[in-house]
Amino acid sequence: MSSPAAAPTSRTDHIQARYIEAYRWMLLARITEEKIATLYRGGKIVGGVFIGKGQEALSAATGMALRPGDVFAPLIRDQAGRFAFGESLLDVFRTYLGSRLGPMRGRDGNVHRGRPREGYLAMVSHLGAMVPAVAGVLLARRLRGESGTIGATCLGDGATSTGAFHEGLNLAAVEKLPLILVVANNQYAYSTPTSRQFVCADLVDRAAGYGVEGRSVDATDLAACLATLQEAADRARAGHGPQLIIASLLRLAGHGEHDDAGYVDPVLKKAARDCLTVAEQHIIGEQWATAADLKTWRMEVTRKIEDAIATTLREPPPDPGDEQWTAVSTPRLRDGFFEA
Amino acid sequence: MITYLEAIREAQHKALADDPRVYLYGQDIGNFGGAFKATKGLAKDFPGRVLDAPLSEDAIIGSAIGAAIDGMRPIVEMQFADFSTCGLNQIINHAATLYWRTNIPCPIVVRLPSGGTAGAGPFHSQSMEALYAHYPGLIVMTPATVEDAYSMLLEAVAIDDPVIFCEHKYLYYHLKAPALPTEALPTGKARVARQGRDMTIVAYSAMVHEALACADELASEGWQIEVIDLRSVKPLDTDTVLASVARTGRLLVVGEAFPWGGVTAEVIARVAQEGFSLLDAPPVRINAKDTPVPYHPNLWGTHRPTARTIAAEARKLLHL
Amino acid sequence: MSSPAAAPTSRTDHIQARYIEAYRWMLLARITEEKIATLYRGGKIVGGVFIGKGQEALSAATGMALRPGDVFAPLIRDQAGRFAFGESLLDVFRTYLGSRLGPMRGRDGNVHRGRPREGYLAMVSHLGAMVPAVAGVLLARRLRGESGTIGATCLGDGATSTGAFHEGLNLAAVEKLPLILVVANNQYAYSTPTSRQFVCADLVDRAAGYGVEGRSVDATDLAACLATLQEAADRARAGHGPQLIIASLLRLAGHGEHDDAGYVDPVLKKAARDCLTVAEQHIIGEQWATAADLKTWRMEVTRKIEDAIATTLREPPPDPGDEQWTAVSTPRLRDGFFEA
Amino acid sequence: MITYLEAIREAQHKALADDPRVYLYGQDIGNFGGAFKATKGLAKDFPGRVLDAPLSEDAIIGSAIGAAIDGMRPIVEMQFADFSTCGLNQIINHAATLYWRTNIPCPIVVRLPSGGTAGAGPFHSQSMEALYAHYPGLIVMTPATVEDAYSMLLEAVAIDDPVIFCEHKYLYYHLKAPALPTEALPTGKARVARQGRDMTIVAYSAMVHEALACADELASEGWQIEVIDLRSVKPLDTDTVLASVARTGRLLVVGEAFPWGGVTAEVIARVAQEGFSLLDAPPVRINAKDTPVPYHPNLWGTHRPTARTIAAEARKLLHL
């Protein structure tokens, strides 16, 4: 959920406040993920690390378009949106570092985390699978006669090729659910360029085929992201049904930290913009803050992150001995496998 | 008299009436009442709570999971069990893992019209209990009686975990009971469907009736066969099976699914490991043949176990 | 494969000859399916019967747009197209009646038949599944450097909601395969009206989202179907990639013969046209044939069908005793289940 | 030295070189060489025959089936075995039924990078052999050695039936052999990986190595443990297992998959039924625990069977 901002005195003030807030989520995400990458290289994290470098503006704008009570199913490159939606630093590091005190208790890791009861769904790896799940939450609310809340989920260009994306978006369209589906077209699905993924002129052309509203946005432009996502959220909340957003950018990292992304087209690389740098230039250009302010913010954020890491590193890992080795919540229905 | 199918409809009626969190979702289940009429009349009795779904098994299950997270108790109908393969990813990777991963349970019920009928062929006849039971986090029910069809479906809705409800199409119209039950064994407990002391036949779903028919046949030859109805294959009530084998010393396990792995293998593996000394003869299993389910009744009748083929094996085992 | 027609002397002659040919496939299909329905009601057929009443024009046009060497994966309402593509009457009845001499040898039944080696794929029930399969055949040919052949498959409005449809069409688009995807929007998927299936303005709007060519056609108008399918086939053969055809009609039968289709909207029913009647009126109106000719054709066709039925009814059913109870083609790899 | 992973690449290289009908299809397998580099360099060596696929498991498998019908021999890579659930419908309902239904075989190979590694978690660790082996019409290979990874993959391509090739990610880099084999046991024959006379441990894939380590440990305690590597779980070489049990009288079966059903149950069911009198003690099985595969290494190390936990069970069994 967006952190409370002082009531804006004018529309410009409001825009400025939102921009700054978004920037700070972006910054928090960027530095958090840099630290995670460092921890990974230092062998402190088992398993994969997938970061959202370059995608923070889109992600933060998505998280900020949501309100308390809304639903969010982020994907692998959504650290900024997770923060904006209310995730704590401790939840992040506890999951990556496998603390037993984290929401996933070492059972699941890295990006596979959430707090479903708080509307923050925990993704499964199978891409596309969260689309119908968010639709289902929204359907539940419609069935109970509750209105006013919306849901959002994110996907990459690659994930648009899944059957789950198609079935989920179509179901949401048929039910006219207030679902925002954010597609980050970051030009690659792992190593696969979009030319091997789809051949439509523009992914936004898919909207008409589902009978949903579609809009495109430059994901390196934070102001555009904020405006587009807010408008989509407003439309969804007002009962206009699913909103398909196609955002363009270049992934500025490897698929995961193990990947040097050597396959990325140098032409794309050269033309790429980093949304965080663009935002900083904008902030300074608009004189919303000085370079010194930015430095201070960075230091503040860094300290908070380091504190969270220090705390987490002192926490106990999961202990297989007192683990409840069952996937069934109903004790009397646990199948009696004799001890091996 | 009430049929197995009517019992399923009545259970859904009661679930809808008793619990506002329940809704039904599936293809053609609304005004049409479902391909088998298992939801006949429910859309009318519960307006807005019995929804026709698009032809999208993955999204049907996925949306039910989301709704369950948000506090609902969806009952999903797959038009045939066979089509659940198109929603299997959501079942085994999302619904089944949710509680373990997040501590939030996932109370969905997926109804699978299962098993073979004459002429239904390879894609409308499958028994998928083994596939689902293999996966941690799922409850797999396989009711064999009208009473269980009713009470277990109600229990399935009440259970916080995802339940795969394998209802047998062959029993839909064939099986009748005088009335709906007022009390029931809890899921997880097998039922001694017939008492005997010479041999134990363990079965579930439609095969319980083949086993009972076989027991009748063998009774005329002087044998007393005990028949255990597993009721649910996960959890699987090993204790009741072991107690029976302790009495009879002989075990035959019958399933309608494909032979490799599955319920019959699981039962025998448990008895062999935990009750080895109770066995006076090798445990025997009977399954369908290792091919897709055939279309033509001539072939289908041979593909699945029947009272006759069970009796033939049973006689051999009794003489060991 | 289309039956050889005498070389047309002019374009009009050609159109007439094609029309008449198509009509005769339609007629053959209609009467065949009427007989099958009668056999079903007489308890001679175990299992379901699903007929293509009202869909014959579209289906015949699809089958006729294909040539020897092309690939066809028909669906449940494609008896006319199956005939046009070369299926024999004996194959039909042998499958429905479960003769061991049929292509499916009693192992599979009714619409689940084909001769894959002859480019005539045998559908599985899971809707959408044949789309990538046909794409795969076409991909195989591309890989071998063979060109000139195309493939077609058919789906209903309901099947457009499957993930398989989406993934399959998208894959074909990415590979620019010569695939014709014929969607018969017959207003219902079993009992489900299109309003619960999709909410796009027109299914043909989906084409742009896949980057494929799309066209709409009135499926009750045989001439339009022939022209549209031929054009699509020509475009596909010329390398323009997948062709999505959205054809509109009303299903003029129950979903299956067990279904009285009581749910069909009376307004739709009233407005519905039967493509066979329309074609007959057209033929007579154009004076391509007389009412007496049509009657003769119908009698000829009926006799052929009755012969095929009589032959099939004399054939042996499958014998479980000499059935090879194995699904594996490699004898040494058959798993050794002891006899039960 | 050549690794298990390199053997898989070499086999694909040879298949491409020897047979123009072979092509490779999967996500990121082209220039990138695959998530695990199992196809490294192949796109360059065989231009146009190693194709990057869209993120569409169902269509990937479905298209391979079509190509196989048209005479090709596709080798499909799933990025992880776990994602094959999204293509499972095509595998079990289309590929597996094709020969039986139409008499036309379906020679596709589906490579499944399988099994657990530290930190991979619930969705990148699964062992899916039981799911596929249950279905008639599929061959399921589970190579445990570098040599088998190579020769069985080549055999998989040559076989006319659909083959599910479960290659173990844990073995990819860990396992090394001096050279590629020039001859091999045919699929369908299990291998005696270590001879012994006190007990038989049956295992497959990565668990063979845990079983061998356990046998080493027990050797220092004076026990001679025989280890059988199943190599393929369907077909399953019951004869070799029975012959071993006939020598040892004791059977322990180890699998990395979930406990309900699966390979261990199938092996025990067969031995109990066919070789009951050979057993001097109850057969025992060890599987993973009945939860999703955990992420944290502490939990993962306990979730899966290891030499240590196998040895503990083995000691108990040896003293029965």
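Order of writing sets the labels: A, B, C and D. Residues in every chain begin at 1.
Everything below uses one rule, namely that a contact is a pair of C-beta atoms (placed from the backbone, for glycine too) under 8 Å apart; a residue touches a chain by one contact, two chains touch by 3 or more.
Everything numeric here is computed off the predicted structure, so don't read it as measured data.
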By label order, what chains touch subunit A and subunit D together? B, C
Per mean C-alpha coordinates, the chain lying farthest from subunit A is C
Report the inter-centroid distance (CA atoms only) between subunit C and subunit D in whole Å. 40
Roughly how many whole angstrom separate the Cα centroids of subunit B and subunit D? 30
Inter-chain centre distance, subunit B versus subunit C - centres from mean C-alpha coordinates, in Å: 36
What is the distance, in whole Å, between the centres of subunit A and subunit C, each centre taken as the mean of its C-alpha atoms? 45
For subunit B, residue numbers touching 2 or more other chains are 53-54, 56, 58, 82, 85-86, 89, 93, 96-97, 100-101, 122-123, 136-137, 234, 236, 260, 273-274, 285, 289-292
Residues of subunit C engaged with two or more neighbouring chains: 104, 107-108, 112, 124-126, 161-164, 167, 170-171, 174, 196-198, 326-327, 335
Using the contact definition from the top, classify how the chains connect: line, ring, star, complete or other. complete
In the complex, subunit A residues that touch subunit B: 71, 103-105, 107-108, 112, 114-117, 121-122, 124-126, 129-141, 143-144, 163-164, 167-168, 170-171, 174, 326-330, 332-336, 338
Which residues of subunit B touch subunit C in the complex? 27-28, 30-32, 35, 52-56, 58, 82-83, 85-86, 118-124, 259-260, 285-287, 289-292, 294-299, 301-303, 305, 309, 313
In the complex, subunit D residues that touch subunit C: 20, 23, 48-49, 53-54, 56-72, 74, 89-90, 93-94, 96-105, 136-137, 139, 159-161, 186-188, 234-236, 238-239, 273-274
Hey, which residues of subunit C end up touching subunit A in the complex? 161-167, 170-171, 173-174, 176, 195-201, 203, 205-211, 241
Within the complex, subunit D is touched by subunit A residues 45-48, 98, 104, 106-110, 112, 124-127, 158-164, 189-192, 196-198, 263, 317-320, 323, 325-327, 335, 337, 340
